[in-house]
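Both complexes shown next keep chain A, but they swap its partner, so chain B is in the first and chain C is in the second.
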Partner chain A sequence: MRDTRALILLIVTALAAIPIITGGTYYAFLGIIVFIYSIVAIGLNILSGYAGQFSLGHAAFMAMGAYTTALLTKALATISFFAQTGLHILLGVICGTIVAALSGIILAVPALRVRGPYLAMVTIAFGWVVWKILQEWVSVTGGDLGISSIPKPQIGVLRLETRSFYYVVLALFLAALALQVRLVRSQFGTRLRAVKYSEIAVASVGIDVYRLKVIVFVISAAFAGFGGTLFAHQQNYISPDNFQFFSSVFFLLAVLFGGAGTILGPVIGAGVLMLLPEMLHDFDKYRLIVYACLILLTLYFLPNGVMGLVTRRAKAQGATDTQASGDDQTAVVLPAVSGAELQIENVSRAFGGLIALSDVSVRVAAGSIHALIGPNGAGKTTLINIVSGTYRADSGRINVDGADAKITSMHMAARQGIVRTFQTLKLFGNMTVIEHVVVGKARHSRVGLWDALVNSRRGKEEDRRQLCEAKALLRLLGISHLERTPATALAYGHRRLVEIARALAVEPRILLLDEPAAGLVAEEIRALAVVIRKLKSMGMTILLVEHHMDLVLAVSDRITVLDHGAVIAEGEPADIRRNERVIAAYLGPSHAAA
Partner chain B sequence: MPLLEVDNLHVAYGELEVVRGVSFTVERGEIVTILGSNGAGKTTLLRSLAGLMKPAAGRVLFGGNNILRCPAHEIAQQGLAMVPEGRQLFPEHTVWENLELGAYPRLRAGKRAEFSESLVDIFRLFPRVEERLEQPAGLLSGGEQQMVAIARALVSRPQLLLLDEPSLGLAPIMVRTIFDAFTQLKARGLTILLVEQMAWLGLEICDRAHVLETGKIALSGTPQELLSNPRVMAAYLGTPV
Partner chain C sequence: MYFFLQIALSGIATGAIYGLIAVGYSLTFMTTKALNFALGMWVMLGGMLTYSLNVQYGIHPLIVLPVVMVALFALGLVAERFSVYPFLRAGSDVWVMSTLAVGFLMIDLAEIIWGRNPTPVPPFFGKDPVYLGQVSILPQQLLIIAAACVTFVGLDFFYRRTLPGKAFRAVSHSGDVSSLMGINTRRIEALSYAVAAALAGIAGFLVVPLTLAEPQMGTVLGLKAFAIAIIAGLAAPRGILICGLLYGAFEGLVSGYLYTGIRDIVGFTIMIVALYARPEGIFGRRQEERA
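And now, the complex of A and B:
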């Protein structure tokens, strides 16, 4: 900690010394441009590096900021009040940032309905449209000639020449960097990173993923717009050429080159990609080729960017998956839950011609453990998907405590207290075990984006409280020794337990467990049985899909058996294991004898 | 000479050593089972034998050749086939296409007749696979998918079959079917190295078993010996009540 602080101080001092040491304005000018581009790249990093939403249209947001402030300050500069106080610059920068953020909303609301390559395409189109408008709307934007004699930066009456502006931009750049750090290290940032790995799992804990993505898109656009306003005042002249498609590509490259999803990645990327062409002046003719080769080689040899080299070293430690935890699971105290009654009424669902569920009704009593068993392909997971809002039923109703739950989406189901785990694990990549649980806590978190940005005391206290609760859940599941282990380094069975911990963090009233014991050994299954019983004793209603019959028979109050999408038996465990139809379809003769 | 001889194998993820000096042999025609709790290194061990991970040190002799650090496709061509955890079929390809991909080296060498021959054997073992040939593998039930995954490994005509958690997520009746198939495969002379969490099952069909704990072999023996060991009983067998 002390070392990093000293290092930061050293680097900042070095940056501050650049204009003094080098004299002249050339290096100060280069520095300003690097800082401005870094601010834009930081914004893109939050969106693409952390949240995994790729944009190839960020130059357009930069243009929004630049043109807004250019037009506004030029108009206001004629009024002597503004010209004397320099307020027009301040106003221009603020308005430019806001306009960029607003255009971010306009793009994000429709564009974020699509993902991955489609989102990238939409942003490319957006960038193109903005660029075309700048070219064609001559009366306002000046067309290809652009806007010249944009007011020079000034604070109050003080006009800033290049070297003093350097310090202002340096400070703003450091502020942007600090903002990024706060954002990504906050709970908001943890949720953001989770979105990159599994939107479905994020939705399953009650987070409105779409809204979250729109918010982060707007933040990202605001960073770009802000960078754009600084750019306009620095250059005094802007034209559509500054904001071409290639500029957007440049920013994404900077993020990938430096290391997407790392704090310093975008800065290193923007710095190197910006300064390199300057250094390659001597090669003039071959400049672009050298530039392209360098980028290709880096992306090939350093798939995680320059920062990937640094973090790879650091990451190797920490994982201690091989020791047992020694947690005393029975000692963990968790708050009581008021479990709800779940009533599945006449639910049907078909996929094309395949009938997955036909007229299925199951009543799960409040606070009971109800098992759902049946052969592979019987429709168990489909039923869980419908109850949890992952799919819609073709017909039928889901009642919670007697009232129609009207489940329309996963996050709405979670907000009604229906939370699931996934049979096909949906964990958040290399995020740590504890971070998974923190994401699960989102619905009960009283801190939001604002607390993260201002680093409020309330936010920090809330973080601490949630961390405490999250740790208790890990102890309950016997995996507290894996707290800091990335999910990718976990053994299969432990991943299952992380799924359960994340679901429990939502404090469900109805918990849907989809094959929680798959991949566990007998001792671990026994521990799981203890956990499931404990959850029941807290009052939770549990619907359990499971193939380990020992577990099912030991913990269930009632069992429903599905086959080919229909209920073939329902009753108490003792009856089910003797039921002829169940033996024929599911258990097989050996199990019945046992 | 044993078919597979693993000698002092070490495998690590970065700095974290997961397999720490494991040695054992598998003789031709036997089934060897590896038991162990989560994180003990079982999957890592299998993956490194199949060439999917680079071991840090040790020796792996397969049919007398050292295959340590050989690329995965070469190991597969030498006759070591793996059925991975979670099946890993190509979900949008039909069952038939999945099988063809499994026999890729053989088909490329123009030995379609051999492929058809192995299919006859496989369909006798799993009639369900034949019924489903034209369907996309992703639409099959979990049990059928596991059968296809095993069939895909078998069409490469392996000498040694590595099975990682074949019972995972399967209904009891389906687990029975699959494990019966292993016994039949053994009777036909196939050698099997099995990793299985459901220890009863794993011990029931094997000739010898090893218990892996924190990356080392803690216990070895015949199924009878392990079944009478109280430690094994407590950790891997017993009933979950």
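And now, the complex of A and C:
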């Protein structure tokens, strides 16, 4: 820790010394541009690197900031009050950032309904529209000629020349970097990173993923807009050329090259890519070729960017540091569970012509373990999907404790206390076990984005409390020794338990387990049965979809059997075992007759 | 009224070009859930090759076309192998960047080979407009509409009536099941990129006499075609053709009655709004995420 601080201090000192050592203004000028581009790249890194949402339109947000401040400050500079106090610059920077953020909302609301390539393409189109408007709306933007003689940066009466502006931008850049660190290390940041790996799993713990993505998009746009305002005042002249599609590609390349989803990645990326053309003469002619090769080489050989190389080495050195501090043995009491009654009433659902469920009714008593079994294609998973809000039912009702739960989406179901696990595991990539549980706790977290940004004391206390609760949960499931292990490094059985831990973190009243024993060996299944019984003893209501009959018969209070989308039997395990229709459904009619 | 018909008709010719390119996006999206982000640059390559062969070497257009198609088909296979497949196999989204990178390479190489200056390519079958009543149309535009129709009918026939075409559709439906049925999924996926490149080549060949031959000629075409593919629904090739033609006519009308500068702003804005209203596209079927 002390080493890191010393290193940071050293680097900052070195950066501060650059204008003094090199004399002249050339390097100071270059430094300013690198810092500004780094600020934009940091914003993009939060969106694309951490949250996994590619944007190829960030130059447009930069343009929004730049043009807003350029127009505003030029207009205000004629008023002597502003010209003397320099307030117009401050106002321009603030307004430019806000305008960029607002245009971020305008794009994010439609664009984030889609993912992956769609999103990338929509952002390209947006960048292109903005660029075209800058060219065409001549009366305001000056068209291709752009806007010149933008007021120079100034603080109060002090006009900033290149070298003094360098220090201002350096400070702003460091602030942006610090903000990024706070953001991604907070609970908000943990949720953000989870979105990159599985949106559906994030929704399953009650987080409104769409809203979260819009928020992070707007934050990212604000960073870009802020960078744009600085750019305008630094250059004194802007034109549509500064904000072409290629600039957007440049920023995404910077993030990927430096290391997407790492703190210093965007800075290294922006720095290297900016300085590279300065070093190679006659480079401009083959700019695209060089960048294209750089993109391909990065993707091939540095999938985690430059920072990927650095952290890999660091990990190899510090691999023994697993047992973390702060594991205070103060007994944390898990919140009391009050299992709810679940009533599935006359639910039907068809996929095209295929009727997956027809008029299915199941009553799961509060605090009981209710198993749902049936041959493949019987509609078990569809039913779980409907109860958990993954699919909508065509008709029917879901009641929780007698009241209509009105489930319209996964996160709404989770907020009603209905939480599920997934048959095909949906874990958050290489995030650690404890982070999975922390994401699950989002619903009960009293801190959000704001606490992360200002690093409030309340936030820190809340973080500590949540961490203790998360650890207690892991202890309950017997995996507390794996707390710091990335999910990708876990054994299969442990991954299943992490899914359950994440679901329990939501403090559900009804837990839906979708084939939790799939792929487990006999010993793991026995351990799972112990866990399920423990949950029941705490008062949890559990709906269990499972193929392993040993497990079902061992833990269930009641069993409902589905076949071809309809309920064919319901009763206690002993009755179901002997039920002829059930035997026929599983083994064919001839066996039932025998 | 004649003015309306006039600009709508020439718009449809442009729309046929968009449709050809957009179907290319759709083909690869259906088989691999990925696509060539720089398909517009491939259109440019088709156009520049046509310029070289037809204008510089004086080869007849009917010979130029198959040469362009074969060349782009082959290059498409190569590009897929190196800029798409490695990343898809790793389950990564970065093919967005790698296909773009290939496109950038193509632009700069084209500038080195052919220079930056736009050069005209004479229409293949004369310059005198053909009159249909009082509405006139250029022979090149007629050729475009005819060629696009033939290509579409051919593609449709291929997909629905021939065995390899059926294999394509099977892979689009479910790659895993198809490979269990003995279909070489990998080959089909690679072929879909090659066919998309060849379609882009046809589009470049057809459009270059209307625009000018220059290394930047494909960029906007590719973007618009993508917008159309999204509006129609990436998984609905027939819908894409219809949308392409309508979009072309719409664009003609906007430039005819309003002014050209605003054309693309309106078009892309429509795409963003359409996406909000129907993320799966006008002709697409809503798909729920499998849990």
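Everything below uses one rule, namely that the second predicted complex is superposed on the first by the 552 of 594 C-alpha atoms of A that agree within 3 Å, B and C clash if a C-alpha of one lies under 4 Å from a C-alpha of the other, contacts with A are read in each partner's own complex, and residues count from 1 in each chain.
What we mean here is this: a residue touches a chain if its C-beta (ideal position, glycine included) is under 8 Å from a C-beta of that chain, and two chains touch if they have at least 3 such contacts.
Just so it is clear, the model here is predicted, and its values are computed rather than measured.
Chemist: Pick one for A:G539: touches chain B only (first), chain C only (second), both, or neither.
Modeler: After superposition on chain A, A:G539 lies in contact with neither partner.
Chemist: Quick one: is A:G571 in contact with chain B, with chain C, with both, or with neither? Answer first, second, both or neither.
Modeler: In the superposition, A:G571 contacts neither chain B nor chain C.
Chemist: So in the superposed three-chain picture, is A:T390 touching just chain B, just chain C, both, or none of them (first/second/both/neither)?
Modeler: In the superposed model, A:T390 contacts chain C only, not chain B.
Chemist: So, does A:I295 touch the first partner chain B, the second partner chain C, both, or neither?
Modeler: A:I295 contacts chain C only, not chain B.
Chemist: Applying the touch criterion given at the start, work out whether A:R526 contacts chain B, chain C, both or neither, answering first, second, both or neither.
Modeler: Touch partner of A:R526: chain B, not chain C.
Chemist: One more residue to check, A:G493. First (chain B), second (chain C), both or neither?
Modeler: Only chain B is touched by A:G493; chain C is not.
Chemist: Same chain A residues contacting chain B and chain C, which ones?
Modeler: Overlap of chain B and chain C footprints on chain A: residues 423.
Chemist: Give every residue of chain C touching chain A within the complex, in rising order.
Modeler: Within the complex, chain C contacts chain A at residues 29, 34-35, 37, 83, 86-87, 90, 92-94, 96-98, 100-102, 104-105, 107-109, 219, 223, 226-227, 230, 261-262, 264-265, 268-269, 271-273, 275-276, 279, 288-289, 291.
Chemist: Can you list the chain A residues touching chain C in their complex?
Modeler: Per the touch definition, chain A meets chain C at residues 52, 54, 56, 107, 109-111, 113-114, 116-118, 120-122, 124-126, 128-129, 132-133, 135-136, 200, 245, 249, 252-253, 256, 286-289, 291-293, 295-296, 299-300, 303, 381, 384-385, 388, 390-391, 422-423, 514.
Chemist: Where on chain A does chain B make contact in their complex?
Modeler: Those in contact with chain B are residues 312, 315-317, 319-323, 354, 373-377, 423, 489-494, 515, 518-526, 528-529, 547-551, 554, 585-588, 590-591.
Chemist: With touch defined as at the start, can you tell me which chain B residues reach chain A in the complex?
Modeler: 13-16, 18, 35-41, 43, 85, 139-144, 165, 168-176, 197-199, 214-215, 234-241
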